[in-house]
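Same chain, two partners: subunit A is paired with subunit B first, then with subunit C.
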Partner chain A sequence: MNIQELIEKLEEEIEEVEKGTLTPSTNIRNIDWWSSMHALVIIALVDIEYNVQVSGKDLKEIQTIQDLYDLIVKKS
Partner chain B sequence: MGFIDVEGIQIKGVSTVVPKQVVYNKNYELLTLSEREMLIKTTGIKQRRVANKSTTTSDLAIEAANHLFDKVDWIRTEIDLLVFVTQSRDYYLPSTAVISQHKLGLSTSCIAFDIGLGCSGYVYGLSIIASMLKSGNLKKAILLAGDVSTISCNYNDKSAYPLFGDAGSATFIEKTNKKNKWSFDLNSDGSGEDAIKITDGGTRNLPSEDSFILKQFEGGIQRNGFNLALNGIDIFNFSVTTVPKSIKNFLTIKETDFDSIDYFVMHQANLIMNETIRKKLKLEPEKVPYSLAEYGNTSSASIPLTMALVESLKTNTVKLLLSGFGVGLSWGNALLENDAIPHLLINDYSHD
Partner chain C sequence: MGCEIRYITYQLASKEVSNEDLATTFEEFSAEDIYKKVGIKKRFHTSEDIIGSDLAFQAANLFFNDTKFPKEQIEFILFCTEGLDYIAPMTACLLQERLNLNKNIGALDLPSGCAGFTNALGMAKAIVESGQSSNVLLLFGDTPGLVSHPQDFALRSLFSDAGAAVLVEKSNENHIGNFVYGVDGSGAKHLFVDKSCLRNPIDKEWLELNNDVGGMPRGQMKMNGLEVFSFSIKEVPILVNEILEKNKLKMKDINLFVFHQASKIILKSIQRKLQIPTDKMAYYLENNGNTVSVSIPLCLKEAQREGRIKKGDKVLIAGFGIGFSWSGTILYF
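Let's look at the complex of A and B:
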């Protein structure tokens, strides 16, 4: 797994995102379409693709895609 | 581990009654238009049936049972057992099942009691009825299951309000001489009691003036002590990790292949959660029916309501895997071999 692969999966899963627009430093909370539903989409994606469970507490600490990637690596 | 096995028990009919009033999530004013679209896409819930304030779960479930009495050649006085699964009972006391015994015109020798479970309740109810039919001198039983959850959800709580619909179901169950097998796997984890909770109105927090005060929560959410509070992420993580694991374990112990199962009927929580469970179990979409889009999360009525949408159950002998999971936390799985169920009914409530 690398971070580019995670970004591609996120871009595929989240309709509002145009391909090639997310970077590791993208702050997912500052994006204007962000909602709690997107949080569930991301949790589901990470669970299915990486078999890692992101808790509510984890999610509160995640700001950027890099943070999410680091969490997946740590929990894998 | 809580496993139960019985032989020769058959479902004879399944009937659900829903309120007439349809509420559309596309009209939910607390969300922006794009948020509403995202909500409908993610949860899979386009619309829900919402009961009038004067309608109780037992009104819906009793009418559902009466529809089945019109179709199945059962005599009311022959019913030995009535179990009512609900978390929205008519009164603090007496038991809603006992009131329903009288309203349905069942014999006073009928055993009747309530079970206070939600999303897992249908599976629990089936297991209790199957066990009692098998061990007692009993032949015919009725399982009533459902909730009017919408009365507990605050319009200003976007984390709960758009998810729930109301429904009451009735399932007729009979002991036969057949060799078909039913197995159950039942579980509980009260450490997750806060994941879905109505805090006030029981004996822990008696109803008080404070119970009615609207409180503010993260994300602009507002609710009072009588409203249902739902921690979506905790419930999500529990459901997509514990549930598939318990199902895999259950099927391994029962030496059953996923290929041999005709339909996997899950509690209807929300689409992204249910689809995550389905994908983790590597089950084909054709085997996993949904009622979410039209009815939302109907608590313990969700499994019978969804079964009624599967046409082939009316004509074919099937092996079903049922799974109910949620509030408690409580979860249960069932493997049911059953003959064709010609009477699978969904009707609107006649008094709306």
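Let's look at the complex of A and C:
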């Protein structure tokens, strides 16, 4: 896996986000579509696609897509 | 010898709450936003004076009216709830009297929430198959609405108050499969009723703090949605595989998957993870909300009504949630 693949999956999964707008440095909390539902979508995506279990606590500690990617790498 | 589910009735609480109603309390969301978020069109809340055992009582009356089953033939009742009438005595004792059942019967409470139906069904099977009685009337009644803060959007939009009655009876062929149970008490803190019962009772300070919403005298349910979600999508697929293994079945042998109706996103994620075709999934959340221990009997009743369960079908049922507690089995129709 690479970070671009993760970005594409996120863009596909979250309907509010336009394709090609996310980058590794995008701070997921600062964008206006962020809500508790998106946190759930991300947990599910990471679990199903990468077989990595991210807890709510883990997710609260990350800011950017790079952080999310690093977390998946660390946990896989 | 075995046992089977003979009949199911359920009763939703009387007050229907639409997304338009919710949008007047939660002004930051439109009715459409709410539907998009939770996938629910309406949920049902009780009034202050109707609690779980009242809804169970209503469902039991429906059961006796529908089936004409003689009350004097009931040999055991199990009342499953997370909102008992009193710390003591058991609410099942009160229900025996209210339902005018015989005195020479077993009557026990089983405090359990979202895994309540499958936990209680497992106990009923054990009671019947060990020859202790030839039937068990399972009664369910829960009122999460009474312990939800009026400003708690997640709880207000998801949960419904409801009751159910389910008769389990001895049968020649076995129609209820082997059970799998699980528990992880470290998850208790993620979904619990704060300021309730003996460990952490309400005090003056609590009542004052919640003065603007009537004091929350029965305590307050608190949910960490993220943790409940990650628990569900991790544990339920494992549970499903264990149920299949214990009953020597494969995914393709199952005609219908009936999961506790926790939330749309939880069900969708489990479906996707286990690659279950949509026509084999029970989704009865949209018009009912999450009815706690009533959700699985409600789904079974509605799926039967719609002709989705035929003779010879194998239905996998799985309850999971508060505790954390989970269990499940196969129903053979």
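As a working rule, the second predicted complex is superposed on the first by the 76 of 76 C-alpha atoms of A that agree within 3 Å, B and C clash if a C-alpha of one lies under 4 Å from a C-alpha of the other, contacts with A are read in each partner's own complex, and residues count from 1 in each chain.
We take it that a contact is a pair of C-beta atoms (placed from the backbone, for glycine too) under 8 Å apart; a residue touches a chain by one contact, two chains touch by 3 or more.
Here the structure is a predicted model, which means the values were calculated and not measured.
When the shared chain is aligned, no partner comes close enough to touch A:V73: not subunit B, not subunit C. Of the two partner chains placed by superposition, A:M1 touches none, neither subunit B nor subunit C. Using the contact criterion defined above for the overlaid structures, shared-chain residue A:L59 touches subunit B and also reaches subunit C. Contacts of A:H38 after superposition: subunit B is touched, whereas subunit C is not reached. Shared contact residues of subunit A, touching subunit B in one structure and subunit C in the other: 35-37, 39-41, 43-44, 47-48, 53-56, 59. For subunit C in complex with subunit A, the residues that touch the partner chain are 37, 154, 224-227, 229-230, 233-234, 265, 268-269, 272-273.
Of all residues in subunit B, only 34-35, 38-39, 41-43, 159, 219, 231-234, 236-237, 240-241, 272-273, 275-276, 279-280 touch subunit A in the complex they form. Across the interface of their complex, subunit C is touched by residues 35-37, 39-41, 43-44, 47-48, 53-57, 59-60 of subunit A. Remark: subunit A residues 15-16, 33, 35-41, 43-44, 47-48, 53-56, 59 touch subunit B in the complex.
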